[in-house]
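Chain IDs A, B, C and D follow the sequence of writing; residue 1 opens each chain.
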Amino acid sequence: MGEFRMPSLGADMETGKLVEWLVVPGQRVKRGDIVALVETQKGLFEIEVFEDGIMGEPLVAAGQTVPVGTLLARIEAGTAKAVFTEVRTEPTVEKTTEPSPVSKPQETIPAQPTISSERLSCSPSARRLALELGVDLATVQGTGPRGAIQRSDIEAAAQAKTITSPQATAAPAESAGDTPETRMRQAIAAAVSRSNREIPHYYLATEIDLSHPLQWLEEENRQRSMRERILPVVLLLKATAKALRDVPELNGFWLNDRLQVQPDIHVGFAIALRTGGLISPAIHHVDRLSLGELMQAMADLIERTRSGRLRGSEVTDATVSVTNLGDRGIKTVFGIIYPPQVALIGFGKISERPWAENGMLGVRRCVTATLAADHRATDGHQGALFLEALNRHLQQPEAL
Amino acid sequence: MTEQELLSHIFAELKKVAPECDPVELAPDENIREALDIDSFSFLRVLVGLNERTGVDIPESDYGKLSTLAAMTRYLMARLP
Amino acid sequence: MNGLNKEQALRHLRQMLLIRRFEEKSAELYSAMKIRGFLHLYIGEEAVAVGVMAALTPEDAVVATYREHGQALARGMSAASIMAEMYGKVEGCCRGRGGSMHLFDATTRFYGGNAIVGGGLPLAVGLALADHMQGRQRVTSCFFGDGAVAEGDFHESMNLAALWKLPVLFICENNLYAMGTALRYTEANQDIAAKAAGYGMAAAAVDGMDVQAVEAAARAAVAHIQAGNGPYLLECRTYRFRPHSMFDTELYRTKEEVEQWKQRDPIELLAGRLREAGLFTEAERVALEREVAAEVEASVAFAEAGTWEAVEDLTRFVTTERRA
Amino acid sequence: MSATQTTTYREAVKQAIREAMHRDSRVFLMGEDVGHYGGCYAVSKGLLAEFGPERIRDTPLCESGFVGAGIGAALGGMRPIVEVMTVNFSLLALDQIVNTAASLLHMSGGQFNVPLVIRMATGAGKQLAAQHAHSFEGWYAHIPGLRVLAPATLEDARGMLWTALEDPDPVLIFENNTLYNMEGMLAEDAGPVDIDTARVRRPGRDLTLITYSASLFKCLDAAKILAEEGIEAEVIDLRTLRPLDDATYLASIARTHRVLIVDEGWRSGSLSAEISARIMEQAFYDLDLPVERLCSAEVPMPYAKHMEEAALPQVDKIVATVRRMMHHG
């Protein structure tokens, strides 16, 4: 067993602040890997390990300043299984974390979901639910405290399974060797196939002049600190929610051969995962959030989605979906509705375009908004009313 | 703060939003967002993180001036408190 | 003592003898492990319970201590139900839930069997308060030892009863020892009857070995109470011939002292008095002993034949069953 | 719907006493300063004039004596309401409550039940420090033979007393002293309520808050704040601390899968510990998170206001704990 200690990087270095852990307990490391960032009076250093093994639990939390030579973590020579028991114990260092003047206190890195064939960390309720829904726990990634599998994880896994099941005979059986990415791809494939097969889509598109709202936003952002600034997509999302209030038929589910309009507006926002695939977690009650709150909610959601810490309600609650591909330079989105929802709103890139108005030609910043809607639930007329309302709300950004 | 120190701050922030990438391999004039596939939310997070690490306030209208490593370093070095 | 009523005196003698023989048998059964828990014997103090009970009517109430076999028998509870209780049998007066220290009987208004020293006194005050508020002419008698006099409950209860002029007859059985500590080591003022004055309460001290004296004093006290004068403290100076409980080596008193008190055995005192008056023959004594022995043996047979309560009933009698 | 009127918790308790005194001549109120003084918390103010000194009975300062007398009076056929000024003082009567009132029925083999009601003020929040402000109701809830009630609402303050008086066994009613001034609407014909069941005071799907007495209102306030963040907390008012109505909170946990117990008592060996254990025993497979508890800090109650506030469960602590649980950060 090796020991990873606060290194002495110079004769005059007495202490170092552990700014950030770059590895998680249970992770395999090899000689020369960078495992932590340490700040000294000379600046920030990347710290490497000098042996191969498996990272033990952190004995010093990010944010703590400790003397040179302090044991920061053990490096186990054994198998991951042996370490797993150890990382399951609660780190006791959290309480002593002191705020750093340079960087905000880092969260103690939670042990990432570690899957062990010996003992899964799984809540009792999730364990029972998995049994009821026929979900194999070994295939589920936990998002709970210390990587524990929770009900939401089982629900998400079961949903993917349900979507797959109608074509279970045709689809290749899930093999144990599949990566989570493969399984997600399979789930997405099943969902969109079903959507395309069952939902008679109709599409409407419109160009919206964003000059005024963006001007207003720039003015607004000037008064906000960097952390509080709002991105244009937040305006689009809030306006969408308000327009859905005007045309509620697009906010609902097609179930049992009828439209069930939902009273609350929970917008599923498509988030691409860096490892591939996407998740559309719900932002709850978008119509009731202020722009600032919505910005915070989205930032929080994106971060948690990418770190795999979504809540169950967020995975299952969306009543309508929004896809924004503007970041990638796309002009127009033609979306696939996520069943049982009945509409998907797409936004492309915001760009300067020639714009004719009152017989004059000018250059305006525009976005193409599209609506993909389920023809069983609504007709083009309602869809058109929705896009009109969307434009109207965007032109009154101060009221958003 | 030396340029090297600033760079390590930038790398740390980029690694937070793109953990699977190695920002050290970025060319100085490569478009960061395109090279690392960073969306507007994540990019804003990088800028906020750099603001907190360096104390440099970056107005929204300047966001476009930080699109490459070289531009970013230049912009921040010039404004370090 | 003049005016000796033979019938009444023989009844006292029989009761005292029953208590004596019953408890002797209990000690034997305790050693044979038929009876367990704590067993506190009353032997030597029989005249107190018998004398006081003679002054009470069936409507009156009795509150006693953990040394209460004497009061229970004198009050008229059956020896069989008490023995069965000490055996832990369901036929016992409390279904085997109480044991030696907790004898209760609703039909004779016998309210325990209270094994917290002093704990029975407030209870007696409350029983008397209920009578007072409901306009009933009843007396609540409350037995306690000299040890209880040091407890706060003694003073609180004396004060409450006197303050509200409640019909309580407080009977202190002063046997000179609070368990194993002599009164002179526990009380600043060892004249217990005198303590009543502090509460403006009437009191008397009486020879607790003389059943006739106790009865006379108790009758006077009850008359005082029934006349609406409020409570009364009767100190009965007595002595326990046996150890405090079965597991007591009696380091705190001398054999000589015990022998001295045994010279004044309440049973022999009354029997001798009857013999001297020509009212009691040796043949009668033998007959009486035989009768009492038969009753004790019957109680043992009853207890032996008794049944154990079903364990399924364990949690009964924690709350009243007629609710819900 | 019947007509309602504005009233206070204090007035609701008083009206409950009045009604009981009128309905049953065996009922009387006894305790320190209940008569001429009008009650330490003014609950019995005016009752002496209405019912006289026999039935509104001032006692000397002798908790063991008058609680024991209450037991005796109950045995003697009365229906006493004994008021103990605060729960801390009830410790002077602990012997009578535990060794006699709670035990008599059992040790007499079912012969002598004790139909006694003991009311007492409990809880902190008025800077009454370490000998007047503790929450010992959880202790009493440990004792077989007692029924322990904690009315939080006006309906319960008004309605629990009569039902308690009809109970053949001893009932302890704990009135949190911070509630006496609480004002609200109460039906004019409000009457007896059950003393067996817990109530869902606010429905919610995400998490169950189990609480009682004054902490109920802190939980309801917290739930309101959490709702604005999209977290719907279900709030359970235990009402009866012994015997516990397990079914109500277990049903809630079966829906929410998460639970936080808020208890003004100390944590170690507490009522909250008992409830947590019961959840483990009976609802383990419903849980999606470990059961959490928010209790008073383990110090005798300090006098200084900021310290007292820090010692008690508060709305912000409840909100923060729930947030942490929901976001498992």
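Please note the rule applied: a residue touches a chain if its C-beta (ideal position, glycine included) is under 8 Å from a C-beta of that chain, and two chains touch if they have at least 3 such contacts.
From a predicted model like this one, the values you see are computed outputs, not experimental measurements.
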Interface with more contacting C-beta pairs, comparing A-D to A-B: A-B
Centre-to-centre distance between chain D and chain B (centres being mean Cα positions), rounded to whole Å: 59
Mean-CA-position distance for chain D and chain A (Å): 45
Between chain B and chain A, distance of the C-alpha-averaged centres to the nearest whole Å: 22
Chain C-chain D separation of Cα centroids, rounded to whole Å: 40
Contact graph of the chains (line, ring, star, complete, other): line
Touching chain combinations (by label order): A-B, A-D, C-D
Residue ranges of chain D touching chain C (in the complex, touch as defined): 26, 28, 54-55, 59-60, 62, 64-78, 80, 95-96, 99-100, 104-113, 144-145, 147, 167-169
Touch list for chain C against partner chain D, complex: 61, 92-98, 102, 104-106, 111-114, 116, 119, 121-131, 133-134, 140, 152-153, 156-157, 159-160, 163, 316-323
Chain D contact footprint on chain A (complex, rising order): 107, 123-128, 144-145, 150-151, 284-285, 309, 311, 313
Chain B-facing residues of chain A, complex: 19-20, 22, 37, 43-46, 102-104, 218, 221-222, 226-227, 229, 231, 233, 272, 274-275, 298-299, 302-303, 327
Complex contact set, residues of chain D against chain A: 206, 230, 257, 284-289, 326-329
